[in-house]
Amino acid sequence: MSGEKPEQIIGDETGLQRALSYVNHVFADRTETHLTMDDRHTNRHGTLHGGIFTMLLDSACGFAASRALSDDADQKVITLTLTVNYLAQPKSDHVYAVGKVSRAGGSVVYSNGEVFDDEGTLLATGSGVFKRVRG
Amino acid sequence: MSGEKPEQIIGDETGLQRALSYVNHVFADRTETHLTMDDRHTNRHGTLHGGIFTMLLDSACGFAASRALSDDADQKVITLTLTVNYLAQPKSDHVYAVGKVSRAGGSVVYSNGEVFDDEGTLLATGSGVFKRVRG
Amino acid sequence: MSGEKPEQIIGDETGLQRALSYVNHVFADRTETHLTMDDRHTNRHGTLHGGIFTMLLDSACGFAASRALSDDADQKVITLTLTVNYLAQPKSDHVYAVGKVSRAGGSVVYSNGEVFDDEGTLLATGSGVFKRVRG
Amino acid sequence: MSGEKPEQIIGDETGLQRALSYVNHVFADRTETHLTMDDRHTNRHGTLHGGIFTMLLDSACGFAASRALSDDADQKVITLTLTVNYLAQPKSDHVYAVGKVSRAGGSVVYSNGEVFDDEGTLLATGSGVFKRVRG
């Protein structure tokens, strides 16, 4: 997270975004997916639900893959696989995932992601493999 | 999915469940997490969001782990890691994940999960490692 | 592992096979990779090395993917990703991985694998995504 | 890989190390696992076997975890799970994995790893979760 201006801010594109209120900041070299926690995002222990970490990482890593394949991040990709490791719970309500591409081939793109809170604590790491959808 | 009666039906326990309307059916040997798709669950291609598949698998695998450690599935566990492979999109609105424990040790539990639609098509597979939280 | 006769037994094909002495039994619906443990396969605790479990699963899952794409299991595939969960150590010297395909698309194949000892104990589980290499 | 001197060089500790000739360089903040490719390390396409990438990552990530828990890297840990993404084949015979700890808790340690060739090309990425073995 920096003062740098995103190329695109995508916040109301899908039903899931509206249901959970997360926002994608697309940069040339990464995507950040931001979320401010409320009751919709918690598990039965009152902490951030594992599925939310994963959704943030899938979104950040997938948009980074789209952006690596197209200047407007409009290239359709599908997730082949995603792995998430859960390290810690956030100490701030605002959390964000940062997704970066480690390799973009002709049809397959690899991304890595990290989730942070506002104290800079690493909360989760993830990696995904995405496939370009042609046509 | 069968005519067998669940030990517990948990449908309104957390904020995330209310936001996304999924329901856990806890059995002695597995947990099923059921969801009927609507606009809240879709990605920008209008199909089931990758994060939803993962949330279903995390929930089914995690409850199966809790149930393996406690008769009332009330044992708190945290997800250490979760891997999801995305195979196909559903052909029905109703989808469900089935989570089963492959090994329950003293502190660590391993679960595997599968997501199906009503035609019985396998949509996603996953595996998770969970840790018992004491006290 | 059964009395069923494999379509192919592949035991001396690669340098790694000769260095570690594992053998692939290719069946129409699965591949089994067999290994009899000796000093070459152990970690610094004297038990089966994590890398050996993974090698067995990569081999079994990859050959199952090749076989799903070609009757002679000769179709070249590359591993995109592999996840392995380690459940237990073997109680017999002989161990084997069983790899099965969960979905074979035009270019991408998903396999799951399990490693067992001779007592039938599940030692490890894994999942892999493979890509067909054309030409 | 740098001119920095390792705390420990571990090259002949296990049967698997002798069978495959890889060497661990333990530093305070990471472990590097080095291998010079020969016929023992190849698959049936004559390129580096997927299982070797994984073995390098398991070794580098596991030693980094041990070192995070003990000054002499002698703390026993077991791998709970390991995920590997395969990006590219090496253009040099020498390859090495670098493993770093992202979080070390009381009983669970998370490591990430990357494999490189001598041109600095990223060949594979991985993440593992390790458990401290007491006593």
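We call the chains A, B, C and D, going by the order they appear; numbering starts again at 1 in every chain.
Quick note on the criterion: a contact is a pair of C-beta atoms (placed from the backbone, for glycine too) under 8 Å apart; a residue touches a chain by one contact, two chains touch by 3 or more.
Bear in mind that the values here come from a model prediction, so they are computed numbers and not experimental data.
In this structure, the chain pairs A-B and A-C differ in their number of contacting C-beta pairs, and the larger number is found at A-B.
Distance from the centre of subunit A peaks at C, each centre being the average of the chain's Cα atoms. Per-chain CA centroids place subunit B at a distance of 28 Å from subunit C. If you average the CA atoms of subunit A and of subunit B, the two centres end up 21 Å from each other.
Averaging Cα coordinates per chain places subunit A and subunit C 33 Å apart.
Counting partner chains per residue, subunit D shows two or more touched chains at residues 80-81, 83, 85, 127, 129.
On subunit D, the positions that touch subunit C within their shared complex are 13-16, 18-20, 38-45, 49-52, 54-56, 58-59, 62, 76, 78-86. Contacts from subunit B toward subunit C in the complex involve residues 83, 85, 87-88, 102-103, 110, 112, 122, 125, 127, 129. Of all residues in subunit C, only 80-81, 83, 107-108, 127, 129, 131 touch subunit A in the complex they form.
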